[in-house]
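Presented sequentially are two complexes of chain A, the first with chain B as partner and the second with chain C.
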Partner chain A sequence: MVENRPFAQFMAYLTLALGVVIVAFPVYLAIMASTFDAATIINGNMPLVPGDQAAVNYPRALFYGGVHAREPVAGMMFNSMIMALGIAIGKILISILSAFAVVYFKFPFRKTAFWIIFITLMLPVEVRIYPTYKIVADLGLLDTYTGLVMPLIASATGTLLFRQFFMTIPDELLEASKIDGAGAFRFFKDTLLPLSMTTIAALFVIQFIYGWNQYLWPLLITTKSSMQTIVIGIKKMITTTDALTEWQIAMTTAVLAMLPPVLVVIFMQRLFVKGLVETEK
Partner chain B sequence: MEKRAHISGWTLPLLLILPQMAITVIFFYWPASQAIWQSFLREDAFGLASEFVGFENYVSLFEQPEYYRAMTTTAIFSSLVAFFSLGCALLLATQADKNIRGGHVFKTLLIWPYAVAPAIAGVLWIFMFHPTLGTLSKPIKAVGIDWNPMLNANHAMTLLVLSATWKQISYNFLFFLAGLQAIPKSVIEAAAIDGAGPLRRFWTVIFPLLSPTTFFLLVVNIVYVFFDTFGIIDAVTGGGPAGQTTTLVYKVYADGRLGGDLGGSAAQSVILMIIVIALTAIQFRYVERKVQY
Partner chain C sequence: MAGVTLDTVRKVYAGNVEAVKGVSLGIEDGSFCVLVGPSGCGKSTLLRMIAGLETISGGEVKIGDRIVNQVEPADRDIAMVFQNYALYPHMSVYDNMAYGLKNRGTPKDEIEKRVKEAARILAIESFLARKPRQLSGGQRQRVAMGRAIVRKPQVFLFDEPLSNLDAKLRVQMRVEIKRLQRALGVTSIYVTHDQVEAMTLSDKLVVMSGGQIEQVGTPSEVYRRPETRFVATFIGSPPMNILPGTVEAPGRVSIGGQSIAVTDMREGLTPGSAIEVGLRPEDVQAGGTGTSSLSMDVDFVEELGATQLFHGKVAGAEFIVQASTGQLPADTRRLALAVEPANVHLFDPQTTKRLGRV
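On to the complex of A and B.
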């Protein structure tokens, strides 16, 4: 603060508080809706203080599901978890290895290889959705976790992030480990990997959120309702004819769907911010 | 940039790079080239035979009034979301940048919507503004507006813009805050000594110095509206009423899936690819040059 202006301070608090309230309101409403029964919501006079149906709605959603889309949300959350973890871990694994190769080795077509990976940065899965679908179908991967995960890890973000980080590691470390007689594997395991831990964690946080929130891809390739992810499952709950929508179950599911990624952001805020800022560079 | 020291041997690096190469080729290059190839083919109704038709898919695409409408919708949608989410985020970030107590708490409370899936965000907003049971529909109806996003295209678009903006503010806020904190305090103090008040300082010193961040965010926001809002649109309007909130990406999906017009859908994909590549190229050029005054 350059000068002391109590009024400006007050306005800052007011604006921020207002911002927080507006940002939180839709979620607050969803949490409230998850504590009422269907009738209270449908008549359009839902109170803004919690009701007493939470103990009914949450077990119902988790282990039974909706009346029309009868699929337990617990199963959907499991699918989402596998997908999110698969994408996060898969991407970290393939990209740390390829970044290691591109940065620390000289081999034929190294530049070409780097560019082949780099170009994928530009095209999200949405623009090549049907051909990708066809290939995954031809490989017999519809309704499998492999099919859910693989096409989404074909991207350069991780490789670029690790490459950028490896470039900041002093060359002397490699030279020293060579003098000590360590091979490529030892250098990777004992020097590079420990140094990369924060970068790995940051990438993990970002990719976990990305994976958990996927929509279009799982919508296309899951046909069995037992393979649905939670983000798709909730949408199916509200598409049945309007009057029949069980809003209390849909909103309970929405709260459950938001929980894991939001908790990750709140409790791993530092890593989240680092990952977000650095993957976008 | 190159490393001075290297590890010798080249079979090992090829093995290391192999997994990523395989996945990239199978799930990226193969489908992308298929999309390009398909955009020159026409399949019969059963998908049994296809013939090469040259640019016919593209020509018929540009003859459809729906395609132009999708373009207009996308343009309106992305400019509104970019404008509002950048504006709100900048306002909040400048306030959070003042040395106020509890600043980091506000930061945490403002960034979490980033973690909410677009489709879930859409569900939350449609619940809030549902024509019959929405908590916030009542005040709107009370002032005499016949609020119904399911039938009225303008209402539907308003709801989409609100939900997409809501989700994007946190991202923009984070980057603006980082940008603001990177501005040296001495510059601002100098302006203050010269007698510039807070508003003047903002427009003549802070805002110009923030322009690289703003430009970067502008591109990211446009790309976000193009692709990531698919979930919001599908949850809130399903492209309706009567196709009036169908964006370019939504149309690729709807034409291929519901209409079964794979050639036309592929042609649209190719056009989208060109748009994204152009946007990314512009971004790289400007980020390299570091827009500043």
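On to the complex of A and C.
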């Protein structure tokens, strides 16, 4: 389509810019807030240009924490990182293997197995939270990384994604590798895995962010402050009972919490987009 | 090297669909055997059973002296070229060709020697570092063949390898496959639905239909003496004309009142009984006169460059005649056709089998 209407173009850009501003302004505000001291924020006249307290706020948040919570953000970030990585990697492992089984092996009740996996899509953590909590508690996994990660690994999204991808791989490729003397495992390792790289990247990005942003589950099963994740940490900093909220530290923590997902997206973006629109075989 | 022997091989799919109905066939060591037939005739299924990609429901497949029914594809000592090439998209051309050897634990220098050798034969040496997607269709096909060659198998299996290529390249690759097979002397089984490919490539032509073998023979045998009406109309382009006729006397049949002489006619046919008369478009002499002749009403003419095809009717049945261009004016409305008695094929209208001399 060839069009040359300057006004229409201007309007389009204006709409876009407006959208960006609406979405980005709170983020900008958080970043700004993390560069002032508490007094400046509390008196309600926080300037929209950066202040000079960043060098104070960031080290304090990272290694000391809030005045009341007294929990260094570095530790929380470590917990969140373990949880997010655990969920992302665990999910990829489980789902690529189960998709491999469902697509390439003929066994009795294969369809049933697939449908059982599929049905779990309709049961997110929030729905099955009580039984899951009960099981994790009975297994003595409260306040452990295993307890944080394991219940969230099992889900059907990844299996479905890999299954759809595997179905697009021509059967002849499997047959060619059979004739080339590659067994099931070698076909998986030498052919399927390299071809799935972009899908894996896409799933990793989605699941890393999913894991990083978990709130309800870690809130339920962690009681020790040393096991807290950063999302819980922010919440704790904001709700204080008998003192002023240290907004500058809360905002600093929020900015720090945004960082890893942003980095993951930036560095894996190219692969990620390719994985979602992959058509070339 | 080894031949391939099939003994009443059957394939029954779930739901009792019989794709291959008891095929027996001997393929001599070093020969080029082409399985040809319309889609769904079971030719690909048969090939895949030889390859070990389909289980065998009944009968025996032997490669050399070994029964391979229960042998894994990798251990059958075969190599296969697929229609869509089935190259590993993430591997370089070199790795594609080396993969099978690597899996077998062939030493590295031996692999390199064989891949280089195959690449030289196929003239793909300059692409060895490339990925399949950077190659054209013809080049991919060569790589697929290279992957088969490096294995030095007992048998090559080709599953419609040229179907994805354009017409010009197909002709070129056809010649190359033939030359390669001659040079390597490896028993080859080739599946195609293209009768020109089948005729030009094969030492042994197997025409299949409905899961069964219709006829086995050299290309010229199959062309000269088709055993059934199906083979007669399937092999040859344009297809053989089939006219309804009646038996007149030994050595003579009548088509709509026009009598022609036949050399190859079974004895003892009842005069007056119905019979089908087959005439190849290239075997009748348009505009000629002779002892046997037919008259044809021309509907239209197709120009093919060197030849012309006259479409029309003989005794009410569709008929095509091939003539050299310029031999007849294009606006010819009525043609006299001279028929050489040796070129007339007779078929039983019920069984569709040939009614030639026993």
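The definition used in the following text is that the second predicted complex is superposed on the first by the 260 of 281 C-alpha atoms of A that agree within 3 Å, B and C clash if a C-alpha of one lies under 4 Å from a C-alpha of the other, contacts with A are read in each partner's own complex, and residues count from 1 in each chain.
Methods note: contacts are C-beta pairs under 8 Å (C-beta built on N, C-alpha and C of every residue); 3 or more make two chains touch, one makes a residue touch a chain.
Since we're looking at a predicted model, the values are computed, not measured.
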Field: Combined model on chain A where chain B meets chain C, clash or fit
entry: fit
Task: Mind telling me which of the two, chain B or chain C, contacts the most residues of chain A?
output: B
Task: Answer with first, second, both or neither: which of chain B and chain C does A:Ala137 touch in the superposed model?
output: neither
- request: Specify the angle subtended at the CA centre of chain A by the CA centres of chain B and chain C, expressed in degrees to the nearest 10.
  value: 90
- request: Scan A:Glu175 for contacts with chain B and chain C and give back first, second, both or neither.
  value: both
Query: Touching A:Val264 in the superposition: chain B (first), chain C (second), both, neither?
result: first
Query: Once both complexes sit on top of each other, what is the least C-alpha distance from chain B to chain C, rounded to whole angstrom?
result: 7
Query: Just which bits of chain A does chain B share with chain C as contact spots?
result: 175, 178, 280
Touching residues (chain side chain A, partner chain C) in the complex: 170, 172-173, 175-182, 186, 190-191, 194-195, 280-281
- request: Please name which positions on chain C make contact with chain A in the complex.
  value: 51-53, 72-75, 78-80, 82-84, 86-90, 99-100, 103-104, 133, 147
- line: Seen from chain A, its contact residues with chain B in the complex are 1-3, 5, 8-9, 11-13, 15-16, 19-20, 23-27, 29-30, 33, 41-44, 46, 48, 93-95, 97-98, 100-108, 110, 113, 116-117, 120-124, 126-132, 134-136, 150-151, 153-155, 159, 167, 171, 174-175, 178, 184, 187, 209, 212-216, 219-220, 231-232, 234-235, 238, 247, 250-251, 254, 257-258, 261-262, 264-266, 269, 272-273, 276-277, 280
Task: Note which residues of chain B are touching chain A in the complex, please.
output: 1, 3-7, 9-10, 12-14, 16-17, 19-21, 23-24, 26-32, 34-35, 38, 88, 91-92, 95-96, 98-100, 106, 108-121, 123-128, 132-135, 137-138, 166, 169-171, 174-175, 178, 185, 188-189, 192, 198, 201, 216, 220, 223, 227, 230-231, 234-235, 249, 252-253, 256-257, 262, 265-266, 269, 272-273, 276-277, 280
